[in-house]
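Residue numbering begins at 1 within each chain, and the chains themselves are lettered A, B, C and D in the order written.
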Amino acid sequence: LKYKNLVTDVDGVLTDGGFYYNTKGKVLKKFGPHDSDGFKILKSLGLSLQAISADKRGFPITEKRLNDMGIPISHVTEVDRFCWVENRFDLSKTIFVGDGYHDIKLLNECVLGIAPSNSPKIVKENANYVTDSCGGNGVILEIALYLENNL
Amino acid sequence: LKYKNLVTDVDGVLTDGGFYYNTKGKVLKKFGPHDSDGFKILKSLGLSLQAISADKRGFPITEKRLNDMGIPISHVTEVDRFCWVENRFDLSKTIFVGDGYHDIKLLNECVLGIAPSNSPKIVKENANYVTDSCGGNGVILEIALYLENNL
Amino acid sequence: LKYKNLVTDVDGVLTDGGFYYNTKGKVLKKFGPHDSDGFKILKSLGLSLQAISADKRGFPITEKRLNDMGIPISHVTEVDRFCWVENRFDLSKTIFVGDGYHDIKLLNECVLGIAPSNSPKIVKENANYVTDSCGGNGVILEIALYLENNL
Amino acid sequence: LKYKNLVTDVDGVLTDGGFYYNTKGKVLKKFGPHDSDGFKILKSLGLSLQAISADKRGFPITEKRLNDMGIPISHVTEVDRFCWVENRFDLSKTIFVGDGYHDIKLLNECVLGIAPSNSPKIVKENANYVTDSCGGNGVILEIALYLENNL
């Protein structure tokens, strides 16, 4: 198999990156359509899936959504991100999906780095594949259909 | 009458497909303008209306909105979707509106398959008519005005 | 004075027309920036302001926002809309702003009918002026600056 | 150093300018991705940071978010805005970021005035630099990366 694992960031990939604050802090995130369908296809292709998030304050929300979809999720700080992934996965067989400034190293070092279309320019310049979809609007399904034809 | 029934998916048609999570799960959906006006016109054209949704966790929210508009709504899983519609309606007289990967068979088999403009590419390729409107931004009104001139 | 009153719809003009549902019903509306600045300019130009809304379930939310901006607001059903405005204002001196299918008659009969850019096509075809701004993103400020130069 | 301070408006820069109302009033704001990364870079460039907001009703929400990012925030009315900044900072060394009609004087008088791409036309015409990013979608990161190459 060309690819073995897909590791994905959450905010900006499964959401548009925004978060809703009230006076108590971060209380809501908006997740998008089609990603659940996409994850099912990725699993059927034999890929191991892992989600990571640097957002500590919003982690219980993130966790709830990823649990609902049956995808393992870990809190990993931005600083630890690269080592955390490198220690657990063979980067030469790992697809990484991310939209953030601190995702650039992983996008470069993984065999396939993917960024949503609404990522900052500098992030997209460091990706192998920029999706047509925006974060929170079908990124994972687009990747799944792409891989179905390119494994 | 050329068409007898209109069956529509909810998420991605009457909404942009997103859902708002807090730590307890799915708590909010955003419904769009003009759909209530559209449904009234569709009824006046003599069409029977039915909404279906595969979203179980968010179903009480979906149900509340559709009840407020007076449109019958049923929870139908993605797997059962095709059979459920086929068992109840004559597909040769049924319009189907959907935006999801699992809607493709119904879009193909119903006499008129309609997808909102922001559906995934593969969904739009399987529709007879792609609306100018995005999901949650006037899809049903656009369909109603189209049918008014094309019945 | 060329114009005496400005009557505006709320949903789709001061918002993008969406509303947020939970299991209890309509609970949130998203209002946009710049409209408060716009209303202040309109007042300074000597225009009388009136907001109307056909949304009964969301009216307490609408009312709260318009009260916060100091703009009079009335609940007027879609059916009564035209008569309600005609009975209270001289249409030949009244600007009307609306985005809905049921706003078409008022857009035609008022001396200046204005529709936000994201209104349905049929609504825009019946307006004298279509703003560059989308509903909930500066429509009232755009109108105020336009009138400042065209009174 | 060419620039010493960066003063930024909040609504419309760190958010898209919208606010979510329920029947009690303003209850939620949506903050965007990448700004926290951007502020870290700006600090590392030696800039002093200050956020200001004219929104009194939503100030506790604004304050919570800015506190979470470690950025000082003050409530300053629109009328006082120019004097408040002028009294505290040397405008010839101050960058100002804003999207509002009442930000025009500061955009003109500060040595570098920056407006997000979705600001009203008249605001953008008074800025030295209009970002590619929309408010609430990476404005601060874009500015930080720009300054990194132009200090």
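Definition applied: a contact is a pair of C-beta atoms (placed from the backbone, for glycine too) under 8 Å apart; a residue touches a chain by one contact, two chains touch by 3 or more.
All values derive from a computational prediction rather than experimental measurement.
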| item | value |
| --- | --- |
| Numbering shared by both copies at the chain D-chain C contact, with half separating same from different | different |
| Rounded Å distance, chain B centre to chain D centre (Cα mean) | 41 |
| Mean-CA-position distance for chain C and chain B (Å) | 29 |
| Overlap residues in chain A, where contacts from two or more other chains coincide | 20, 27-28 |
| Contact graph of the chains (line, ring, star, complete, other) | ring |
| Pairs of chains, among all present, that meet the touch criterion | A-B, A-D, B-C, C-D |
| Partner chain D, residues of chain A touching it in the complex | 11-12, 16-28, 57, 99-102, 118, 120-122 |
| Chain C to chain D touching residues, read off their complex | 20, 27-34, 37, 60-61, 64-65, 68, 132-133, 136-138, 141-142, 145 |
